[in-house]
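The data blocks that follow each hold one structure.
Note that chain A is present in both complexes that follow, paired respectively with chain B and with chain C.
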Partner chain A sequence: MKSKATTYVFLAAAIALYCLAKAAAVAVSAQPAPAARDIKIDNFTFGPAELTVPVGTTVMWANRDDIPHTVVSTDKAFKSKVLDTDEKFSFTFSTPGTFPYFCSIHPKMTGKVVVQK
Partner chain B sequence: MTSIIFAKHAQHVVLIHFPIALFLTAVAFDYYAQWAKDKGVASAAYLNLLLAAATTVPVLTTGLAAWAWALEGQRLKGTLLMHLVLGIASSVLICVTYWIHWRARRSPTGTLPTYRLPLEAVGVLVVALTGHLGGILSGVNVTG
Partner chain C sequence: MSEHENNELRPEDNADGVDRRGFLKCMAWAGTGAFFQMEGGVLKSYSLSRMPRLERPSAGGLSFVQISDSHMGFNKAANPDVVSTLKAAIDKINALPARPEFMLHTGDISHLSKPEEFDTVDQILKSAGPKDVFFVPGEHDVLDDDGRQYLERYGKGTRGGGWYSFDAKGAHFIGLVNVLNLKAGGLGTLGAEQLAWLQDDVKHLKHSTPIVVFAHIPLWSVYPQWGWGTEDSAQALAALKKFGSVSVLNGHIHQTMQKVEGRVTFHTAASTAFPQPQPGTADSPGPMKVPADRLKAVLGITDVTYVRGTHSLAIVDSSLA
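Our next item is the complex of A and B:
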């Protein structure tokens, strides 16, 4: 009789834990998805060509092209090494402003990151 | 001033066409001259080779300048490295071919050595490969 009660207690605890975990998962998924902070380099273009982010955001450029590219800020705020296919470069924008950039191998490729307070 | 002169390093992309065209024409003329025993065409081949060798200097200079300024001389790999190595090899082959012709013209017999012909063929191949990689890098040639 005692072991049957213990089983019920464990079962109830397990169900309660499951419900808690499920509720937590729902709460997490209900939070707003983080805004896009990634810029894809493909077919000789930066996508999106213009990205607006809050101060402190880390933006990551990923080269999905078959050609090597670079990410170079016009005002020399940041500069990547040559990025081969699937290589990435990240930069954290700690000050507000507009940061135009280009690929130094293919200067016609341009983009812009707008950093807001 | 540097950024204005070397902005977008288009000079290399423009100048590269001269040694390519001149060398390919020179080789074609030289092969024809060898086959037809035509001294006039052989002279045309020589002049084309002279100009091809001369134009490798600004091409190499602008290419290395693009590496130095646009990429700040960083360590190259992949297509860029291959293009650099083959570009230097192309320039050397063009200049060596010209030197062989120059030396033969100054010799008493004026006879061109036969071994120049396979060397010129290799030169054409290396120039073509270098140009192909350059085309991929500049976006003229599409990969895949």
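Our next item is the complex of A and C:
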């Protein structure tokens, strides 16, 4: 008997915690908290090559290649310094629009960030 | 006027303006001393570690070497010691039976355009027999500053982004820059200003003048999918159409390749730092890791000999092994 009661208490506590957590999650996502998104540079490719994000998102590019690369906006909205292996570059998109970019050292490498309201 | 100086197409010419006899003749002077294999219509010369020595040029002849892609500062698995392999290249040059007149360095001197990387290369090159080195920049030499540092170091007396020409024993050498202002999705670029300069530079030269063009990125379409080509190279070659002998020496692709197109021989040199894969044989053109005991076999120098009056220009690749 005793052990069964304990189980019920635990269950109730678990359900309560679950509900609390869910409420908290809803509360968080309702706020315009800017998320961070990653783009990997691997094998002379931006991955993903096309990324759609809400306004306010910070995008971070990380170079995983043995060769340096750059991240340069075609419309001059942003421009990284040269990124050696494992170096990173971040940019926060504060206006909506489509932002094509490329590696100015290896211009065949292209990508695009689509920023939505 | 020799056959090479006649620019007119004859009916028996094929689409590329070269008849079979002309092609074989050009092949003969292009191929002296090197091992060739035709693959997919592309003539390739392979590094030969123990090739028979060429006869040295007679008086009035010209001999020079090309080195490329030192990538000083690179320290990844494909070659953690690019200092040693550059030194090995210089030892190879110093061991040639006759001292070459000068050296060409076809770019990517440094890996990250850092001052200390350029300093290290300059220091190592001082131990080379040939004292004059003619440079053109690679894309790794013009990072972050549009080539300002490169121009300060190597660009004295050059035009624009660092292009120039000079004469040596009757041959006309042209150093071109195709690594600046690259456009998204594109290849190497020469640009209108440089092309106009080139037209003007060769205007007064005789058709029989041997022309040697050197630039970092290949001036022929080696493999555009990997960016191995130059957008406006056709315009540069059109400016050189009147000449009977044009040799184009490039780097960038870290392997030797050769192609003959009419009166033009295209050649790419090996790197002194690390090899890159053959076109399309890997996911990307990144550094290729080979077993340590194989590395020197895939790095190298290019030895070029020109005998005045015979239109012959012999290009021989030699590995560091």
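Some notes on this structure:
Quick note on the criterion: the second predicted complex is superposed on the first by the 81 of 117 C-alpha atoms of A that agree within 3 Å, B and C clash if a C-alpha of one lies under 4 Å from a C-alpha of the other, contacts with A are read in each partner's own complex, and residues count from 1 in each chain.
Note that in this section contacts are C-beta pairs under 8 Å (C-beta built on N, C-alpha and C of every residue); 3 or more make two chains touch, one makes a residue touch a chain.
Fair warning: this is a prediction, and the values are worked out from it, not measured in the lab.
Legend: residue contacts after superposition of the two complexes on their common chain; A:Thr74 is shown touching chain C, with no touch to chain B.
Among chain B and chain C, the chain that touches a larger number of residues in chain A is C. In the overlay built on the shared chain, the residue A:Thr110 is in contact with chain C alone; chain B does not reach it.
Looking at the shared chain after the overlay, A:Phe44 reaches both chain B and chain C. Judged by the touch definition given at the top, the superposed model places A:Asp66 against both chain B and chain C.
In the superposition on chain A, A:Pro100 contacts chain C only, with no contact to chain B. Legend: residue contacts after superposition of the two complexes on their common chain; A:Asp84 is shown touching both chain B and chain C. In the superposition on chain A, the residues of chain A touched by chain B in one structure and by chain C in the other are 44, 66-68, 70, 81-82, 84, 104-108.
Those residues of chain A that touch chain B in the complex are listed here as 44, 66-68, 70, 79, 81-82, 84, 104-108. Across the interface of their complex, chain C is touched by residues 43-45, 65-68, 70, 74, 81-82, 84-85, 100-102, 104-108, 110 of chain A. Only residues 7-8, 70-72, 74, 76-80, 136-139, 143-144 of chain B touch chain A when the two sit together in their complex.
Chain C meets chain A in the complex at residues 76-78, 111-113, 139-140, 143-144, 182-187, 224-227, 283-287.
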